[in-house]
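I have a structure I would like to understand better, so I am pasting it below and will then ask my questions one at a time.
As written, the chains take the letters A, B, C and D, and residue 1 is the first residue of each chain.
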């Protein structure tokens, strides 16, 4: 590092590390858990956190990072809104000798521009769901009708989860995605879309929702249509937030691939390592797993979010 | 006589429910001033708008210099050499006076507008017309009369073959009218064909060479002005012999009611608008405001209504001092105000005629106490007949009415409220001869019933004809109050204005 | 009254006064920021304001034309995103030369503007809907071209993105800022020194009157939308320079930022009154608020929003209090 | 025939019918309505139910637009109202208690109306342009909603609350009944009193309205308050329907949909004349459009293009200017060329 930390930084006491963190926005409960985790971890780790919310706009995020460069923070971390388009600002950070850590979502810039990427792999999550599906329907003789509730069109999680899932199920010709619509990652839209799809498609075997919220919305739609979620229509989702886990434990969801928002501790660890001059790994995948109904009931009491 | 520069043959134009023009022929020769005459709603403005391509005719053709043309719009008309002042002031309120004169044909060099040139030439033109206004002033800060003059200056400066003036003089006072006529005559002598619309017979007879009369959208005939008597003209226009034109003899009945004044203004004034003045109006009294253009009549009237807030003085209505902070306060005390600019301050074009008429009464009642349907129909019907508003369809959008009829709608709106004090700012603007006389009679009869009237008009004769008392204004200051008597003449008043002394 | 103060050689019109007040408030806000946050006062922060908002500035300037005619253009953000997408796609997939792609993209923007303007004028569709449909269409086309986010690897873009023009020791500019300033100058000149510009004001004042005065209303109105389309496309290209990438999710909500900037700058949404200088100030204001919050750095997401709202509110109230004298009529 | 097509509601209604028929072609059972679990069930019912919040918001928006204003903050108010109600209910011991729910609902509605009132004050008293005045609340309001929910979803499990946006009453969706009642009351209020006319007057010509003595400030404030209230009710419906308050996303971009509904219904954004029935039709058109997209399986990446095309067609068909141009082009050959009649017999004293 340049060792300038604190001198020009705003409010940084001597010796205290200043971390500038640019968050995507506050679009979901998942994101909020993520923010909270980072804030709490920074506090316990004794790191001075500069936090800024980009309201889902890349331009805001770029400007924020540039502002952190101006403020001469010690480390910059951010959850990129989109995958692309970070080269220039990352080079600026590099020129100012401020190390950058990515969290949660990847960027497609040259890896030399950032120190480390800490986060989940959306494609893997989609693949995990795909694997489960393959296994569940390996004996199926007839066609299996699948409905997919996609996330926000054009967003990285939606693209990657879809990619991962569809690449896996392609190996079984019985598995057919009969409807795939965007539910914008929200509960209300998940419900609305599912309500309409249920009317148009009498036979649905499996629902894959790109996140728990849409899944929960869809569960309500399914129940209102007089069907039993988890039984008449099997449901798989991604995220494993509290509500999702509850539904899983209740038997309304069949399987969830976790996408953990709790990266705070890991992030602070990395920041400290960087400041101490220790080497850090380029790619750190957050500790994530998958849950079946059984596992969910067991894990639920100790879940933090 | 050379061939017609402009000819319209068999032109018809209908609007939903109205036949505005039916098979009308019209000719305009170079070097003549041609008056287009007709009652309100006769189709004059429509004819003009067909001519300039604002409306496309349903049938018929327009010939310019003998050749058939199909005019696609005002812009096209301008390039064909037809320059027009439309009836309602049609300028851009957000631009300066100078710009309104030159917009669309700004002098420019290398593609860049030369502002200095525009200001210089505008100032020159305005002085030439005797218009006393800062060319850099925004148009909407100017009084309606000034706006009308600016529109005329603009049209005249576009040196055209045909100049069309649709009621250009409705807000102008004598001097301005004279100025305009001088210019018109000069242009005529230069060979320009001028089409002129006015409801002032005096003006028509003074300036026009020939006239075409329309009635109910149909052509009545084409006449030499010199050979047509006024009585005949009015007969052609109205289709009946008019008895209402007889002089009203009001001025002798100066039976002023010695009761408590309806309105008593004490040192009321507003900076930059009008100097503090005193004014008393008694029940049954008609008080006229006389003055030249821009002398502050409108300003004074607006203060009495709370349309603008006075910054000095007090107003007492019915004996009690009332702070006039908004029109509403005045209305609550029985004051009514008919503004001079009907387009921007009076009419609500979206609403129907009926709605426009009941609006003031309804506003006074509050929205919770709507007039019953029956009552509404009765009131609207009564006043539409009384004022002869045509077409007699209360459900027609007000924007579709002809200019004069719109003015009548505004009058009806306030008459319905049965005010104690009626303030009329140019109420006869754009109203045809017959209707004008009727309105004057109406004012007189209202006064007989005990209504106090404050009457503003650019037409001194009119003011003299009906007022009991005349307040003379000059340079935004009330300079004299004179009781009306047979000895008072328009010339006398002009003299007072000129000398600033009480005779 | 038309004039404030003495009637002399130097006259300050009320509208000018409003712009001055806005400028003063902006400076005051900046000064306050510098006092509270030491690093705030540096020249680079000011320059960054232009760098980070360059594309918004260009888009808002285009929007100013449309709003001056009394219309509105909701499609700007989407058209900008589409331009970025086209750049990325044509350069990356089809390998067309930059010299072809950039003009083509600008042309597409102009075309969008023309289409919307034509429909608005000739079919009398309300601008709000026509441009909303345009917005759906442009954003939809982005996704049709590619749902994925695409990086632009073309050297022209990557180099451009990193070009810095030094301006003193610690401060430097990007070419984007210069383009923004040029656009501003051209827009100012167009609005005040060409017939087209004056006709824009006239239409906004009263389009019926403008028609009767013989102004080319159809042409002017359509052109205003074309200007907005052009500016959006240019803004999209600048954004692509800024992020060297394209995505259908770029510039969501930019139309509201642009409209807000224009209106805060004192332009009336009803048309006919306002200045592009005001628009520049409006963009600066929005940028300054964001910057202050970034320097604050302790607010949660929702307090950020509330703070933006409150700062905006304060600013507008002050602007209103200081900038307006009583209107006469 | 002319009388029918000339009616101002004809074209929005026609568009709606065509859209529904198109759905019927693609999905044969689209019009079927059954009774399931003791209530009506079917796509048409869904459209009504899911369209309810939009209808309400658009209703309030219509009144504001009539005065020549606009309200961008409705989406934020939706979020706040739902957030507050759910927050209050979730804090109660017995979430199923009717009184508790009523209190929560009442407080949420009072707050929504107050927010509308605030907007109205800014527009009418302070004289700030409506778009900016309401933009402030649009930005800050969502922050407030997130503040209430702490950025998370607040789940409630309250049958009485569920009734508002997802329940049924006499086999009918309760939300639809609420909309029907609000629309009927509003219709009565604007057309049976003079309110509608006065609002139209203000929107048509503000200065002239002032000069006839209309207390326009009060009415404008009233309009915004009403709009806030409508958005508040819609917010309750949206959160009730999913038993969750989502401060982040509830009502997001809904202001655009609402304005679109108003305009499709035939009310001009410039203020003046308005039609409530048109607005309801407009909202139904928009809801039908979304449902169509979901049921017919338009791929999500072309959804927006599809929407653009439909909106464009809807608006063009509605535009008299467009129809006139298209019809004239077709009718021209049939119309006889305007023969110039022989000179009329006019007395010419030349």
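Note that contacts are C-beta pairs under 8 Å (C-beta built on N, C-alpha and C of every residue); 3 or more make two chains touch, one makes a residue touch a chain.
None of these values were measured; they are calculated from a predicted model.
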{"item": "Between B-C and A-C, the pair joined by more C-beta contacts", "value": "A-C"}
{"item": "Centre-to-centre distance between chain C and chain A (centres being mean Cα positions), rounded to whole Å", "value": "33"}
{"item": "Centre-of-Cα separation between chain C and chain B, whole angstrom", "value": "43"}
{"item": "Whole-Å separation of chain centres (CA-atom averages), chain A against chain B", "value": "71"}
{"item": "Gap in Å, rounded to a whole number, between the CA centres of chain D and chain A", "value": "35"}
{"item": "Sites on chain D at which at least two other chains make contact", "value": "146, 151, 207, 300-301, 303"}
{"item": "Set of chain B residues in contact with two or more other chains", "value": "none"}
{"item": "Sequence positions of chain A contacting 2 or more other chains", "value": "26, 32, 35, 153"}
{"item": "Chain-chain contacts as defined at top", "value": "A-C, A-D, B-C, B-D, C-D"}
{"item": "Chain D to chain C touching residues, read off their complex", "value": "72, 126-132, 135-137, 139-147, 151, 207, 247, 256, 259-260, 263-264, 268-269, 300-309, 311-312, 315-316, 319-322, 325"}
{"item": "Footprint of chain D on chain B - complex, ascending", "value": "9-10, 23, 25, 59-61, 210, 219-224, 227-228, 305, 307, 326-328, 330-331, 337, 339, 344-351, 355, 359-360, 362-371, 413"}
{"item": "Chain D to chain B touching residues, read off their complex", "value": "192-195, 197-198, 200-201, 203-205, 207-215, 219, 272-273, 338, 340-341, 343-344, 346-350"}
{"item": "Complex contacts: residues of chain B adjacent to chain C", "value": "54, 73-75, 77-78, 84, 86, 90-95, 99, 103-104, 106, 108, 111-113, 134, 136-138, 140-141, 154, 272-273, 308"}
{"item": "Chain C-touching residues of chain A, taken from the complex the two chains share", "value": "8-10, 20, 23, 25-26, 32, 35, 49-53, 55-60, 62-64, 66-68, 70-72, 81-88, 91, 108, 152-156, 159"}
